[in-house]
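Next come two complexes built around chain A: one with chain B, the other with chain C.
Up next, the complex of A and B:
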């Protein structure tokens, strides 16, 4: 995955997503909600192209369900649209509230979907490496160990089959006991290995100096520009009113604009060849 | 032992600052400046209550052996699902967190719980549920550590299984349902609370069953292995 906003400094990435998600949860004004839902869907589609359509419509459907369930569970409101089950009202106000919640739900999930594409664990570790060195080292190790343990679990299962220790019957109980044995073997092996790894780390000087990071990101001119734009947009939002709405749109559309600009530049450059 | 005493006090001070100042401040701000920001307010409170654990762990500058063993245990908790791939919805992670908490102490229980669920979300996708999952798994690991240290529950199978089942049904499950409630509902009414908690019940029951089964079959060998590591290498003696 190599998209335009992806190439920005991780701090810019996380600033944007933290801002977009926190503000998306904070602002319930209908215009703000629409802006957030539209901007999040647009950026997600720019990132995934056609492959993201299914997820997008699935989430849209879920959000609509969330919206329409609300009036059934909440009967407050003056404008009664219809009644059901012994005069239980279905009110317009509750439905509108439902739409607000559904819109917020939708834009949150869309922002997180883009977040999962842009914020790789590597970037995360780069950002938090300085703040929490022990925890981010743990994170790096776990992310490397999980796939290796999954492979190991498969090879243990294969080895057990070879020596005739595969589950005897077809019952769930046999299979469950077999899986527990695999997990048990895996744990013994992993714990013993952990101590060897730790001793090797220690003998190579773990903890003797400040830790460095594999991925290196430098703050470039484009990153500073992006930060300034985000701060200016936040100031506009804080001033409120229609200007605030414009600021909100500017903030949320930033990665989409960067993305489109990059693609256009590429198209122009390609056409010159 | 002396060292441990200091550690706990530091943690207490950080916790007191957060409980006395930050949490009421957030509640007040949310009440005063915005109406019904349930999700945002609750997530902030959850993050505050997790910070002291992470802070103390960093401050202590953990040794390589402790760090790697914890990382390996988290990875086992996350990867354990792979051994049961043939059984849909069977999640043994909570059981492993409980065993770790019981064997290595409350702090290790919280850390492995919170970190494992965070990492598993790198695989299954981060979302508004991430802090809630971290918190619910961390709290159960922490409770397991506390209850075992105080001797209320022993390492025998039966009390362990009862604790595991109840902690999923009464603690972790409801915490995750509350997350669903806050993200899906605009207003808290009796009806939508009942609807969400009841619809969460089957999922929690399956999760609890998986936890109990894993504890039943896996807890004793796992305790043996952890004890072996503790006596053989002297790591993580709670």
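Up next, the complex of A and C:
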């Protein structure tokens, strides 16, 4: 995957998402909510193209459900739209509040979905590595261990089936016993592997000096520009009012703008050929 | 510089009372390529691990190891880490991180190398080893060969002066192994790095070796150049003769006055010089292969893929296996041979076509019926068969109330009696293979499926394995094995099939099968095909040589 914003420094990525998600949760002004929902949906669609449509509409529906359920739970408000069940009121205020919650819910989900696509484990570990090298190494090793654990469990189960040791399927006890023996051997397998991995780490000098960190990413000019834009937009937001709204939109639309700009550049480059 | 000097080194594991190393004296000079060989359990790994302090096992040590005249113990961890590289057997467990680039940088990170140097070194290594195209990959997506290459590269990034390799190719298929060993050779030639390697595949390492050290019961039995080592072994009447490369084995069986050939190329010219006139250039041919009329196992146009959207692995594979024979299936790596075995076992279900066992559709069998005394499979990774704390318990699990004496008998056949009390994970690769075989044999299957049974085992147990399989075939068992081991199949299989591109291309008797191939054939055949027409095994060539002399 190589979309435009993805190519920026992980620090820029995480700054943006942290900002977008934090502000999205704090600002409940309807205009701000609309901007956030629209920007998050736009960026998610840019990242996923058509394949993200299903998820997007699913989430939109869920958000609408959330909005309409709210007035049933919350009855405060002056403008009663209708009453039901022994004069329990359904108020406009509660409905509007529901829309606000739903909108926030929707935009959060969209931001997190994009976050998942952009922030790969590698970038995450890079950010962490700068803060806590030992923790980040541990994280890397766990990331490697979990899938290999799964693979091993599958291969043991298959191997056992081939010598007639699969659970017969008749009783729960049988199945449980079988899984227990697989689990117990997986534990010893993991420990055994850990010994070899430890040997390999020691033999490559682990613990012989203060660890340094291989920097796969470098802060480039584009990253600094992006940071400046984000800071400027934040300043605008802080000043409040209509200017704040513009600042908010500028902040949230940044990855989409970068994305579209790059697409356009390619289009122009191609048309020149 | 890195000159090793080992003086009177003895070592005893705690509470065994047996010396794992017994008065070993060696000196190794910078830039040498040294092969350490010997039966499994002869002390190769123990010796190699003594050459690096952090890996030295605990126990009673006598004697001394000097690195450049300094006792090894006094050389700092940091210096040893970068100077002495160590590659272990299992490609998987040595890898620490989850990304290729990170693994390459790991050693340098540990040494606290600065960012610039690290970038340069990692870039250098990635280019030297041809890793660029998978530099950003997940480690889990690599093949075994790539993983082992990565292990080597990540050690080379620390610029060691000596690399120690402990059976690095035992888990690899022949092509990946050859690739790996030629990289090791390249490092030795181009960088002058000292190589100390223990290996089973002597064909590949003998031509590059300066010296061969043969270990026997913890002692150095021979320490000579590869060209003369055979003489010493002949004098000692050593078991190691059986594991020499084919050209050497033939040479020593024929009693020639010329010098010993090491490679197929040298073997060819040796053979041409040896025989002035050829009276007989072929052996009586075996009968032409005929398809069995009522096959024990039959695959009818089997199609299989792992996922709806993934490519086909089996593309209309047809195969008929005759009863009571050893049928070998050869073919490239990752082509789907193992998958075919899995479809016979009903682990993977074909989406088209059927598997028949004794004429009955596989889907008509109940699972209990199928695996009780009918089918059994030894998987590629024998380790996955063990679930208990000792080998004995693991074997006991198979009995289901049957007579316990079966265990003793099977253990003896597979030569694991002395290992019964050990934890299965403490065994070496070859020993695990044997213990797993014992476990599978206890199922008393009528149809035994073996997925690369010769992987990681030494030539001595290969002979034994062949006997076991032969014995089984004579007693009403049908054996199907998937293998890369061309020499083994040529010697012992009754029929050989070639698997390619999702189906069986051809099936024939070993003699006819290999005589018609020019690449995919035994070393003995490649060495003699310019003179003899159908000599496939070493014995064939030796026989013809003796006739013509």
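The rule we apply is simple: the second predicted complex is superposed on the first by the 260 of 273 C-alpha atoms of A that agree within 3 Å, B and C clash if a C-alpha of one lies under 4 Å from a C-alpha of the other, contacts with A are read in each partner's own complex, and residues count from 1 in each chain.
As a convention for this text, contacts are C-beta pairs under 8 Å (C-beta built on N, C-alpha and C of every residue); 3 or more make two chains touch, one makes a residue touch a chain.
Being a predicted model, the structure only gives us computed values, none of them experimental.
Visitor: Considering only touches as defined above, state whether A:122 meets chain B (first), chain C (second), both or neither.
Guide: After superposition on chain A, A:122 lies in contact with chain C alone.
Visitor: So, A:166: does it touch chain B (first), chain C (second), both, or neither?
Guide: Second partner only, chain C.
Visitor: May I ask you to decide whether A:210 touches chain B, chain C, both, or neither, giving the answer as first, second, both or neither?
Guide: Only chain C is touched by A:210; chain B is not.
Visitor: Report for A:155: first if it touches chain B alone, second if chain C alone, otherwise both or neither.
Guide: So A:155 only meets chain C here.
Visitor: Touching A:199 in the superposition: chain B (first), chain C (second), both, neither?
Guide: A:199 sits against chain B and chain C alike.
Visitor: Using the touch definition from the top, say if A:188 reaches chain B (first), chain C (second), both or neither.
Guide: After superposition on chain A, A:188 lies in contact with both partners, chain B and chain C.
Visitor: On the A-aligned overlay, A:108 touches which partner chain: chain B = first, chain C = second, or both, or neither?
Guide: first
Visitor: Looking at A:141, would you say it contacts chain B, chain C, both, or neither? Reply first, second, both or neither.
Guide: Both: A:141 reaches chain B and chain C.
Visitor: Across the two complexes, what residues of chain A are contacted by chain B and by chain C?
Guide: Shared contact residues on chain A: 121, 137, 141, 143, 182, 184, 188, 192-193, 197, 199, 201-202, 206-207.
Visitor: Which chain A residues qualify as touching chain B in the complex?
Guide: 22, 25-26, 66, 69-70, 73-74, 76, 97-98, 100-101, 105, 108-109, 112-113, 115-116, 119, 121, 132-135, 137-139, 141-143, 145-146, 149-150, 153-154, 157, 172, 175-177, 179-180, 182-184, 186-188, 190-195, 197-199, 201-202, 206-207
Visitor: Going by the contact rule set out above, which residues of chain C touch chain A in the complex?
Guide: Its residues touching chain A are 52, 54-55, 76-78, 81-82, 85-86, 88, 90, 92-99, 101-102, 105-115, 118-119, 122, 139-140, 154-155, 158, 342, 345, 347, 367-368, 370-372, 375-377, 379, 381, 383-388, 397-398, 423, 425, 439-440, 443, 449.
Visitor: For the complex, give me every residue of chain A touching chain C.
Guide: Where chain A meets chain C, its residues are 121-122, 137, 140-141, 143-144, 147-148, 151-152, 155-156, 158-166, 168-169, 181-182, 184-185, 188-189, 192-193, 196-197, 199-216.
Visitor: State the interface residues of chain B toward chain A in the complex, per the touch definition above.
Guide: 34, 37, 39-40, 54, 57-58, 61-65, 67-76, 78-80, 82-84, 86-87, 92, 115-116, 118-119, 122-123, 125-128, 183-187, 189, 191-192, 195, 213-214, 217-218, 221-222, 225-226, 228-229, 233, 235
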